[in-house]
Amino acid sequence: MSVLAADIGGFPLLTSMVVAPAVGAVLTALVSRRRPEQTRLIALLFVIGTGALTIALLAVFKSGHAGFQLVDRARWIKDPDISWTLGVDGISLWLVVLTGILFPLALLGAPPHHDEKPFYAWLLLLEAACMGAFLALDLFLFFVMFEIVLVPMYFLISGWGYGGRRYAALKFFLYTMFGSAFLLVGTIALAFLHAKGGPVTFDLRTLADNQGMVAATTARWLFLSFAIAFAVKVPLFPVHTWLPDAHTEAPTAGSVILAGVMLKLGTYGFLRFGLYLFPEASVYFAPFMVTLGVIGIIYGAMCAAMQKDLKRLVAYSSVAHLGFIALGTFALTTQGVQGGVLQMINHGVSTGALFLLVGMIYERRHTRQISELKGLQKSAPIMAGVFTVVMLSSLGLPGLNGFVGEFLILLGSFITRRWWAAVALFGVILAALYLLWAYQRVFHGEADEANATFREMRWTEGLVMAPLLALIVFMGVYPKPFLDRIAPSVDRLVTHVEHNSEYRQPKVATDGPRAVRAKVGK
Amino acid sequence: MVELLVFIVASAVVLVGALGVVFNGNPVHAALSLVATLFGVAVLFIAQDAQFLAAVQVIVYAGAIVVLFLFVIMLLGVDRSEDLRSDALTGQRPAAVVAGVLLGGSLVAVLVASSITGARSSGAKITTGVPNVNQLARLLFTDYLFAFEITSALLVIAVVGAVMLARRRKGTTVDADEADPVTRLGVGQDAR
Amino acid sequence: MTAFLGQLGPVTRIDTPPVAWSALLPVLVLLGGAIVLLVAGALLPRRTTFGWHATLTIVIAAGSIAAVVPLWFRVRDHGPLSVAANAIRIDGFALFFAVVIAGSVILAALLTDGYLRRENLEGAEPYVLLLLSASGGLVMASANDLIVMFLGLEVLSIAVYVLAGMHLRRLRSAEAALKYFVLGGFSSAFFLYGVALVYGATGTTNLSKIANFLATNVLAEDGLLLAGFALLLVGFGFKIAAVPFHSWSPDVYEGSPSPVVAFMASGVKTAGFAGLFRVFVFAFSSYRVDWQPLVYGIAVITLLVGAVLAVVQTNVKRMLAYSSISHAGFVLVGVQAANERGVSSAMFYLAAYTLMVAGSFGVATLVGRRGDDHHLLADYRGLGRTEPLLAFSFVVFLLAQAGVPFTSGFLAKFYVVGAAVDAHSYWLALVAMLSSVISAYLYLRIITTMYSDAEDSETADENPAGSAVPRLAIPLAARIALVIAVVGTIGLGLVPGPLHDASRHAVPRLASGR
Amino acid sequence: MLASTLGPTPYLVLGALLFTVGATGLLVRRNPLVMFMCVELMLNAVNLTFVTFARELDDIGGQVVVFFVLVVAAVEVVVGLGIIVAIIRRQPNATADDISLMRG
Amino acid sequence: MEHLIWVIPALPLAGFLLLVAFGRRLGEPWAGWLATLMVVGSFVASVALFLVARGSRGGENHVLTQRLFTWIPAGGFRADVGLLADPLALTMCLFVTGIAALIHLYSIGYMHGDANFSKFFIFMNLFVFSMLMLVLGDNLLITFLGWEGVGACSYFLVSFWFTQEANASAGKKAFVTNRIGDVGFMAAIFFTFVSVGSIRYADLLGHASGLATTTATAIAILLFVGAVGKSAQIPLFVWLPDAMAGPTPVSALIHAATMVTAGVYLMVRINPVLAEASPWVPTLIAIIGALTAFIAATIAVAQNDIKRVLAYSTISQLGYMFLAVGSGAYVAAIFHMITHAFFKALLFLGSGSVIHGMGEEQDMRRMGALRKLMPITAITFLVGWLAIAGVPPFAGFWSKDDILLAAYHKSPLLWAIGVVTAVLTGFYMSRQVFLVFFGQARWAESDTTTGEAEQSAAGVTDDSGETSTHAEDEKVAPMVHASASTASSPTSDAGDDHHDVHPHESPWQMTLPLVVLAGLATVGGALNLPFLRRLLFLEHWLEPVVHFGEADISVATSTKLVLAALAGIGAVLGILLAVGVYLRGRGDRSKIEAPALANGWYIDSSFAAFVARPGTRFFEAVAWFDRTIIDGAVNGVAMVVRGGGDRIRTLQTGYVRNYALGVAVGAIVLVGALLSRAVF
């Protein structure tokens, strides 16, 4: 079923994607403090190298396969059985690639103002952890990676953030750790209950593919414990309040990674460890999760509209966007889940780009207060143009990436949960409302004295934005290559859920017109 | 009958002595009350076939330990009587009484209700023919040999500890909060 | 002695039981070493340019560890050894703890050397007491008799009482000694009374016999026994600083000389747990349904109170003291599980914690500066800039205590929670993890303080905070200690296998419950 | 030798009471020396209990234990008094309540 | 040939991309010429395709399709980028590209000298591309792509002169209001997929007869919601008048001729579904259309801004089209759409020419007697006037007559509304023509008069509480709420430059399109002359598309003639009334131009007051809730921990005896707990 590393000449590609940035972090840390240019070089080298590895992964990934590919496996701890198992499938593939792309951009686009060395070291460490979390096929390994990301991010926020950074970093760390507490207990409980006194294993596939070892009610409890952790990470309403603070106070690179990559750990967790491990419980709790998602969409948008801080606004927009992803995931239809996976990438690209832009604005004006910005379009038309495209992507304009994901999510959820989707649709209106309003206040109007001398985008900044813009357009116009790789794994996941529960997704979701014709035929 | 009489008298002495320790404001008096208790306990030892222990009790406890107490009291001149009419710590005394009543109550209840467990000696029996000393000695060097050896470590600790603690250290106190910054940083000379 | 016995021979010949001295070697090395050191201390000058005392102590402790090695294999291949009329049981468990305790002696000794010089307190006595105390710990870990356990406890404790008051010019040191001593004596009395009650109920103080008795007899009236359990638990609870018997520990940790605290939090606590396991989990295992709820309750309040109180402290040593209480709660979770996983996880935890906490107090020792008085959080401000390596090592210890992956602390928690889950104590596991979230606040607070300059880091670039304060003097020995602790903490986090295997092997087979 | 007519209970109860008085005494007295004396009372109570059990169980082991307790008591007193001496030298006439620099 | 459908949208897209890349370098006027060329090319391609479609198979209508690539595949769902060139689409293509080409040409002159000249054409080309995708899409999603695309372009172009807050607000308002409709559209797509399993028109319309009535109703209503938003019908029409903030060519192209008619196109496109829906759906559409037509016309009567009059007029005319759709007269709707495109584009461009000539002056009260100074503009404008008023034989008469006939067939009441509206149309258009081109020249009048005029304008707007829009926008307004008045009071004319106004005729790039459009507006009726069946060209041409739903209107010829005559008389009546009031000066203008009308029946302001304000307040409440309750709970937990810590901390008194008490209590609890186990 799974394609082994041996298929590509035995090179442990996935492992190297985790190890490379970690090695880079250590090397960066070892360079003398007085050689900042060297640290930068090393960091860049490793981060771009890792990006290149992810592109290589894209090349060797076999797009027809549903199962895990390129699996690397090595025993780590004997009892309980914990192993370094990495593998990639359609669900994680793009997240890994996104990670590989966003990190170099964040590093290039938002260099630190002081203490380069630790900054780069932490950033590289963060990349290693994110990679590990997306690739882990061992529950324990995943938890480890899921948890360790907090540390570099904590240091990035508290070390290089803005005014309220300490509070924000602390809140971020503790809040997420609070969720992880449940996850750890749940993880261990699952493994032990699954073992039934036999050898305990944390191997994801073993645990997921042998359903029925854990009683249904127990599985629901376990699902809840997982869900709390992921809900905090996503974050879903009402456990989202760490996010605005963390996003706002984090340095630009931190915000980009936080929004672009780290939030996906939660949604990815729901897919990989929620639906896959607890199909029945996922179905059972789906109405609840979908409701949370929808509340997040509307609520996040409303809060976003009322923010006075541009970065905070973008942060709240993330709440809304991730609400969409949760909605799609727990719509439990192939469209919804595919849309969710795609939207993770879209959100990473768009919101990452937005944070980069907000960072650029901050660099120039040293304020994020919307009320202090005005008429920037006059002096910086190109930046305004870039901002416009990113904004339109974020509000889901067809032809840009945001739309494809959002549409699939709404379509998928409409199939099973009509009224939830109907409410979620209003989020689409609200998104236009708060983003355009913000754009208007920041870029439109007559620039006052402070904003009149606003500097246009530099070409280096443009270079950082270019790949993101290209992705925004490409994914909007031709998402097929993405969906083609996502689809088999998603279909397998949904089928897995169907096999292990009473739930069946409506025929129309899988068969399209044929399903309807068959019905009419009868 | 005799045992009962002995018990009543001895237990009275024990309790009165114990209460004396607690209620005598003057530490010297308290120490003397302690002696009474120790004697009472020694009597009760005898009443229960522990003659050697009774002797040791008198010699070591009453003879050595209490003397040590008195010695320190005199040495430090802390024989001022303590005012027992009030307690500066709010609630400490009533709480202590309540705690005492509860603790004593539950212990007594346990002992009264379930003293007989059916357990019997699994070690050396108390044989009436052999002198108590011999029996103790035999056990001390057989079953309790290791315990006996380890007490040596205790004694070494006592010696070293006493030496360390009682050594007169010159130099100012380093952390008295009242001390002014200068003396606070002042470093005293070693004893030697 | 033989001559003396020979004289008495005709009257009452006492056949001393055969003692396998080799099996007692780890303890004997420590005891004998202490005596040698005492003598050597009298011969060597008090103030030495080279840390002879510390070196000797380390050699002795290392010797003790070395003595464990052959025993370990012997025990592994031929089963546990009963020594000295079954008063001592040398099994994997005892040997594991022997290594941990001796290890904590090494770390403490490395820290003590520089400390004594700095505080003008040179002399061999502290090391002697350290070794003696450790020997008491070893005795506790291997005791198979309640009396031996009690004596081990006293040896362990009384030496530490003295060590707590070692820095006589510090009022706080003396106060710590007094508080520790008074409360220690108080709780020892409870413990002893518990021994008496158990003795009365079972007719013996030997743990094997007690276990046997409890497993084979059904007591009509078990009040005596249960009351004995309760009182024994008071004694152990005091030693491991479990709530509500913890109140001494913050004051004592704050007041005692920091290297001594390093030993208290690691060696002494470990020994206390070793005794707790020996008595409750091993000997009283058939009554576990009775005592498990108590331990459950104690664990919960210990976890929470420790964590919550740590949060509101401003003195780093007190913070660590309270966090140490919370950690004790974690180990109690392993105790509560009362299964093999629980024991081994607790052993792993204690071993890992020994490194972290010794390291932490090592840092506190150094930052305390002369007078051992700079322990406020504010004293750590800017440490990340002035002493990056020291700060980094502290970060490692703190993150490990917070349970961050790739440190020993994480795996320790993982194993303990696993044990609790295995025993179906899900809520306890959850409470434990949540308390570690609360504690994490504290650790992060310290870390943040270390890496924040002066009042506001925006302006700090021109005026590095550390410039006003002279650099810390970090003696070589302390450096070595910190390096050992850091390497151990991270190493165990990456490769927990050997230690975990050892802890698994060391657990004796437990009897099933009543 | 006295015949055992009384049974163990009165002795045990007396021990419990003695223990309680000692414990309570430690709680109510401020003089550290007297507090130590109270600890001695508690230890004596335990000793009495041991001896009683020894007779009840017909086991000399209980008496041996008392022997060790005596040693421990002695050592405790030595060290404890050492500590007190050290303290009183710095803070003459200090009571247990005065020694409370550290709290919270 | 059918493989070349893609050329039609591709050319403007290419123009867009080229201008994005090289627009600045090309500069003025070459960027404009490039854009125009692309659109002209697109028009040529459309014509070619039209000829192919018409020519093949002996006049049989031929449906051309082309599938370019799969856009979104997901499970059973599949959306292709597919083009469908059927008669309806081709009709739309022809007039969209044709008019767009003219307006592009016009814009070269109009935008002369603008700093962002090339940017303007970027958006214009993008708009044309989007519009063509909307029209040519072979499935709902491609239409939706275009649908949102034109919305976005509208946003860009309305707020093109972004430095003025009012323009920015208007753009935002347009987009957000449109989005409300778009949500309906999206929901309709979902419904379609769920019930048909496909979103291709071929599948939806081909299987329309198999749809359940409720499903068809739902789809139809939801798509109608989308149409209402896009085509500015009640209640979502408020954005269109504000959208006049954009440059005039934009108003002409987007907000008169093409984009706003997309809703009508959509309704016609799905006519088979409408036929399957409950009968109340068409009726509702007709009522909404009629009401919109009437109300907008009344508002147009009292407007002073030259473009606002036209904006309300557009809304009114769109109402006619929906009335036609609701009455089942799809051909009439399309017919009117085309003729409307001709004359309304003409009128807008004419007004643009006036504004251009007047130096950005838009207030009709400051114009007058321009016919001599701007002869070409005046003559073409007059043609437009007669066309929209419905004076035979101009284009408007024929199409409007068709609609009124269908309305009469549906319900005489609707017809009556239609006729009254026709009278109003004649009136307000005449008013405009007289104010602008006749009477006295008022642009040079003294400040006082102007000031008064301004003040009266201000007074009018004050009632709606909106004069301070700019300032309040910051506070009040994430909700759709902008400026009924702002567009009409350009801030640049605050009394410093209008003395220097020298009205002049516009350059040829601007007048040429006027002339062409005037010609079309004159003869446009020829597309569908009712005299002979053979002359009903449009009806024949569209037959294959609308045959499902087209109502069979069987009305006696005599009735037809009477109705036509009445419609013509109504138009003339309106004109005569205006002559009386505005040329002869009879009657009280102020009574006609009542504040209620000038302020659009207060619809916009009441929307602001009853929706936007409470909405904003609600949003604020949510944000407060988030800060205080949700986040407060989080911080509250932290505070509880700290507070608990501080509380428990007091137990740690520092007194050793207290500690001992703690130990004792602990011992008692333990003993008690264990003993309770022994006892129970």
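Letters A, B, C, D and E mark the chains in the order given here, with residues in each chain numbered from 1 onward.
Note that in this section a contact is a pair of C-beta atoms (placed from the backbone, for glycine too) under 8 Å apart; a residue touches a chain by one contact, two chains touch by 3 or more.
Everything numeric in this text was worked out from a predicted model, so none of it was measured.
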Mutual neighbours - chains that touch chain D and chain E alike: B, C
Maximum centroid distance from chain D, chain identifier (CA atoms): E
Most distant chain from chain B by Cα centroid: E
Pair exhibiting more inter-chain C-beta contacts, C-E or B-C: B-C
Most centrally placed chain, judged by C-alpha centres: A
Inter-centroid spacing, chain C versus chain A (mean Cα positions, whole Å): 43
Centroid spacing, where centroids are CA-atom means, of chain A and chain D in whole angstrom: 65
Rounded Å distance, chain B centre to chain E centre (Cα mean): 98
Distance between the centres, which are taken as Cα means, of chain D and chain C, whole angstrom: 26
Set of chain C residues in contact with two or more other chains: 147, 151, 154, 158, 161-162, 165, 168, 171-172, 177-179, 182, 186, 197, 200, 203-204, 221-223, 227, 250-251, 441
Residues of chain B engaged with two or more neighbouring chains: 89, 92, 95-96, 99, 103, 106-107, 109-111, 114-115, 119-123, 143-144, 147, 151, 154, 157-158, 161, 164-165, 173, 175
Multi-partner residues of chain A (at least 2 other chains): none
Pairs of chains satisfying the touch condition: A-C, A-E, B-C, B-D, B-E, C-D, C-E, D-E
Residue ranges of chain E touching chain D (in the complex, touch as defined): 649, 652-657, 660-661, 664
In the complex with chain D, residue positions of chain B that touch it: 1-4, 6-7, 11, 14-15, 18-19, 21-22, 27, 30-31, 34, 37-38, 41, 44-45, 47-50, 52-53, 56-57, 60-61, 64-65, 68-69, 72-73, 75-78, 80, 82, 84, 87-89, 92-93, 95-97, 99-100, 103-104, 107-108, 111-112, 115, 119-126, 128, 132, 135-136, 139-140, 143-144, 147-148, 151, 154-155, 157-158, 161-162, 164-166, 168, 173, 175, 177
Interfacial residue positions of chain E with respect to chain C in the complex: 638, 641-642, 644-646, 648-649, 651-652, 654, 656, 658-660, 662-667, 669-671, 673-675, 677-679
Residues on chain C engaged by chain B in the complex (per definition of touch): 5, 12, 14-17, 19, 24, 31, 34-35, 38, 46-47, 83-85, 87-88, 120-123, 125-126, 128-129, 132-133, 135-136, 139, 145, 147-148, 151-152, 154-155, 158-159, 161-162, 165-172, 177, 197, 200-204, 206, 209, 213, 217, 219-225, 227, 370-373
Chain C to chain E touching residues, read off their complex: 178-179, 182-183, 186-187, 190, 221-223, 226-227, 229-231, 233-234, 237-238, 244-245, 247-248, 250-251, 290-291, 293-294, 297, 305, 308-312, 438, 441
